[in-house]
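Look at the two complexes coming up: chain A is in both, with chain B in one and chain C in the other.
Take a look at the complex of A and B:
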């Protein structure tokens, strides 16, 4: 700690603090423009100049100057005010004064400072900037005439996002912020730059002329897309979500968001939302009243239960409270056929983890990742499914020199981070590489085997995974594999990252077991500061696992329910918040099941391809319309808050399920999320938390480090390699999440349709150019997809994301992780 | 930016030369400047494709490279002529009639400052003092210096280079 005096006040601050931070943390105001909490000190704008007694003769930028013992600082004097005024005059020489039409007006740092320092006239005159605005991209408006060259956008895109869209170009008066070759923005569109801009140079285009900032009502909630659990602050005007506001005060994401979080909210306002219950009459789905719809559903489910049985299949974007109610509904109905969407797909991950570590969750928390020495990411897709954790990894790498290891069948964002080492395997062979890493640890005596069960069996099963053999099969360099294992073993703190979700079904159990083995052999699981991270695809995937939204002992899981339905052995299916036709593997099977089942109820926001087949469709509420809790991928229970009412007569899933429960004679009334959360606590001890005590940072159940309750090594049987000139894999694309984002304008503006991604070499061989329509055939199915050509795909490997129902990718993928395909123009 | 910036110019460039330059420096930290200089030496300018290649191989953002390229006057992103004519516009040359010299060159080649002839033979640049005031007015053609110029002498210099390959 360091003692110093600021404006006569004696203060003590940590020795790595700057003068600005010391002042701020002690309630002393120093104006800043280019400073941002999450960025490294820069000192571009000189508005924060102060006087330091020990450094007389010049003014000192407080945001870049570290404190020293005995420092005496003055933050305001006649000279300082004069200089700050001059700085502002300089900035205003060429800054256009179009505040009346600038969306930043009212929360613009330059406007506020000009007001604070009463800069009413300008002694200098000069040309105003007259630069064209970036009208090309749909999401971020760049008006460089308003830019003050603070460099925050350049820095956040580098330091936090790791994309590097922007740079200062030219020199002197000509200096401006631009992209490479001064073109329109073409990037991830996470909008981090927008959130950082102190003026109106970077603005969210969808929000243009929608509202003045002071008119907006702000509601803090949790993003409804992925398992990262980012806090999003809804900006609401007239009961409509108009924008997502920057908020770095609360939550786990430090104000960082991805395109989905920042621009993907618009599906909430979509005109396609369901507003009234629909009941099938003849061949038509007809709008009806709730009473009738609920009666039909209750009767149908009861009848089915008296017959061959009814089943309930839930998505993973319901709140914990809603999932709890759904569990109770199953009890009331008397069915054990209950599952969440993971039951069809990624249940292997949880099973694998339960068998090895005895827990079914990440063992660490996200903020710890920033301070790790080594991060191992399984599949480059990790950044695409969980971009904001990806940003934490970027900061670990860039700021703290962490070594990033990527085990992946294709390139991607993570592989491009500084010093990243990619163990690039053949498609679908990531598992072999993980086994290979375990084998190296054992072979070289680096494994921490004390107290581990199953060591002998593991050693036997890994005999085929020596570095050389793995190298031969996967194409990964044997020495690189050995080196990676040594780095993992030698790391003080390390993180193993595995994302799971609907498109990553095959081998999910084996991958989880292999990752768990690795975490046990390295001692990462349960070690302070380290962790194995299992990151769910959906906002409440972890909640579904924690609450045990699973089949009863005698009940059917998701796959079994679909099989039973397809075989005419199930009389009703109630699907809540999921579109299996579009998202589950093996669409043919799903379609058959939904067509065969005599009574289908679908509860959703949209008339999805599943809902279109239903007997009754119940209109549900989005995340922005409900209260409750989500549990994110690091076990953080966070409050979800309603910001807007649901459109028309749509109700929250909780209200619908409770009403249905009552209709069926159940006892659990819908008494609001707080009361239900208390009920959950009685069932699930980890959730025995007072609802009102779930603060701005949420509550992490199990603590910062979750100790494994078992330490049992498992056997992860690898799959044979799929041969073929072209091999197709599926997965998630960065701009989308599940199928919901295909209803959101923001993500759609950037990635509007399905595509197949290929290497430049393959494109050249096939004579295919970006955007050409190509035929991809395999597994008896032919898909027509637009070609996307880039550098990240290895030759002979193709990637097609699964989000778009029209693509039919899930018709081709049934149980495979890789499919040998032919491709032609 | 509003002018159809999305259409990327498809340049058919043989990247072998650029790859060789990068190979030479790839293990040296902070090697962007020598790499760019090497590429310019090889191609005569910095083709866009080589920027993306350099970005990919050195793991530097394309935007950063573009920042460097626009910061330094030494880098050129358009093809340049085989013969670079630098016309001195310094004070001494100005007084001694640099304007007439540059007019003559413009008449003969049809190009002015920072322009290149269509056949990529000549590029004209107006430069500040080249440090040869005693020879004013003076021009340089690549490494050759021609001083005490008159309109007629300038014509002869141009003729000489026009005849060369």
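Take a look at the complex of A and C:
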């Protein structure tokens, strides 16, 4: 700690604080323009100049100067004010005074400072900038005439996002921020630069001219897309979500978002939303009243339950409270056939982790990742499924020199980070590489084997996974594999990252076991500051597991229900918040199941391809329309808050489920999220938290480090080898999450349609250009997809994301993670 | 004292005689208000559009909250008021809107004959205000 005096006030601050931070934390105001909490000190704008007794003769930038013992600082004096005024005058020489038409007006740092320092005239004259605005990209309006060259966009895109879109070009008065070759923005569109820009040089295009900042109502809630659980602040005008506001005060994401969270809100306002219940009459779905619809559903479910049985299939974007109600509805109905999302995809957690570590969740929290020495990411897709955790990894790498190891069948964002080492395996063979790492640890005596069960069996099963054998099978360099294992073993703190979700269904349990083995052998599991992270794809995947939205002992899981339905052994299916036709593996089976099942109820926001087959469709509310809690992939329970009313007669899933339960003669009541949450606490001890005490950072159940309750190594198994000139894998694309984002304009503006990604070499051999329609055939199915050509795909490997229902990728993928395909023009 | 009363009365008498009265025979005769008179608003037109750029300062400053602005983007990518309406029944003719406007797009005319029969007729839309 360091003692110093600022404006006559004695203060004590940590020794790595800057003068600005010391002042800010003690309630002393120093103006800043180029400073940002989450970026490294930069010192570009000189608005924060102060006087320091010990450095007389010049003014000192407070945002870059560290405090020293006994420092005496003055933050305002006549001279300081004069200099700050002059700095502003300089900035305003070329700055176009666009305030009346600039959307930043009202929350612009330059405007506020000009007002604060009463800069009403300018002693300097100069030409106003007249640069073209960037009209190329769909989401970010770049107007460099308003730029004050603070460099925040450059820095955030590099330091936090790790993309590096921008740089300063030219010199002197000509200096400006440009993208590569000044061709306009073409990036991840995470919008971090927009949130950082202190002026109106970078603005969200979908919000252009929509409103003034002071007109917006702000509601803090949690992003409804992925399991990262970012805090999003809805900007609401006239009961409509018009934008997402920057908020780095609360939540786990430090104000960072990805394109889905930042620009993917528009589905909430979509005209395609369902507004009234629909009941099938004859061949038509016709609008009806809630009473009738609920009656039909209750009768249908009851009849089915008396017959061959009913099943309930849920998505993982319901709130904890709604899942709790749904679970109880299953009890009222008397069925154990209850499951969520896919039924296989989360087996990594519920079976893999449970068998090895005895827990069903990630063992660490996200902020800890930033301070690890080694991060092992399984699949490059981890960035695409959980972009904001990816940004934390980037910060660990860039700021704290962590070593990033990537085990993946294809390249990607993570592989491009500084010093990242990619163990590039053949497609779908990541499992073997993980086993190889375990084998090296044991072979070289690096493993911490004390107190581990199942060591002998593991050793036996690992005989097939020596570095050389793994190298031959997967194509990973044997020495690189050994080196990676040594780095993992030698790390003080390390993190193992694995995502699970609908496109990653095959081998999910096996992968989790291998990752858990690795975490046990390296001692990562349960060690302070380290952790194994199994991250669910959807906003409340973890909640679904915690609450046990899973088949009862004698009940059917998702796949079993679909099998039963397809075989005519199930009489009703109630699908809540999921579109299995579009997203589950093996579409043919799903379609058959949904056609065969005599009574199908779908509860959704849209008339999805699943809903189109239903007997009754119930209109549900989106995340922006309900209160409750989500649990993110690091076990953080966070409050979801309603910002807007539901369209038409749509109701929250919780209300619908409770009403349905009443029709079925149950005793559930929709008593509001707080009361229901209290009920959950009685059932699930980890959730015995006071609802009102869930603060801005949420509550992490189990604490920062979740100690494994078991330390049992699982046996190593090999991934099946798929041969072929072209091998297709599926997964998530960065700009989308599940199928919901395909209703949102932002993500669609960047990635509007399905595609198949291939290497340049393959494109050249096939004579295919970017955007050409190609035929991909395999597994007895032929798909027509647009080609996307880039550098990240290894030769012979193709990638097709699963989000788009029209792509039919899930027709091809049934239970396999890799398919041998042929491809032609 | 009497002197003071006499002086006062003399002024009164002066105005009693024809030609010295300040009362005019409205509506046959109409006065020209002062330049600073705050009457009906007018949106200043420009060549092909209104001058107003929909900055929302006037609705923000208006104490009677009687101005409705809705901004939008025109074909040229400029910001313009898709909707601009003043509810004259609520307006208190304070002139703050004129003072707030950064581009001098709204002014107050000398029109003071604003009585009407229907409530809707007091809704001054953009088209009416541009006249």
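Just so it is clear, the second predicted complex is superposed on the first by the 821 of 825 C-alpha atoms of A that agree within 3 Å, B and C clash if a C-alpha of one lies under 4 Å from a C-alpha of the other, contacts with A are read in each partner's own complex, and residues count from 1 in each chain.
Keep this in mind: a contact is a pair of C-beta atoms (placed from the backbone, for glycine too) under 8 Å apart; a residue touches a chain by one contact, two chains touch by 3 or more.
None of these values were measured; they are calculated from a predicted model.
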Superposed model, chain A: greater residue contact from chain B or chain C: B
Partner chain(s) touched by A:209 [first = chain B, second = chain C, both, neither]: second
Chain B versus chain C as contact partner of A:99, first or second or both or neither: second
Overlap of the chain B and chain C footprints on chain A, listed as residue numbers: 135
Chain A-touching residues of chain B, taken from the complex the two chains share: 1-3, 5-6, 8, 48, 51, 55-56, 59, 61-67, 70-71
Chain A residues touching chain B - in the complex, by the definition given at the top: 131-136, 142, 158, 163-171, 178-184, 186, 416, 418, 791
For the chain A and chain C complex, residues of the former touching the latter: 99-101, 105, 135, 208-212, 214-215
Of all residues in chain C, those that touch chain A in their complex: 53-57, 60, 71-73, 77-79, 102-103
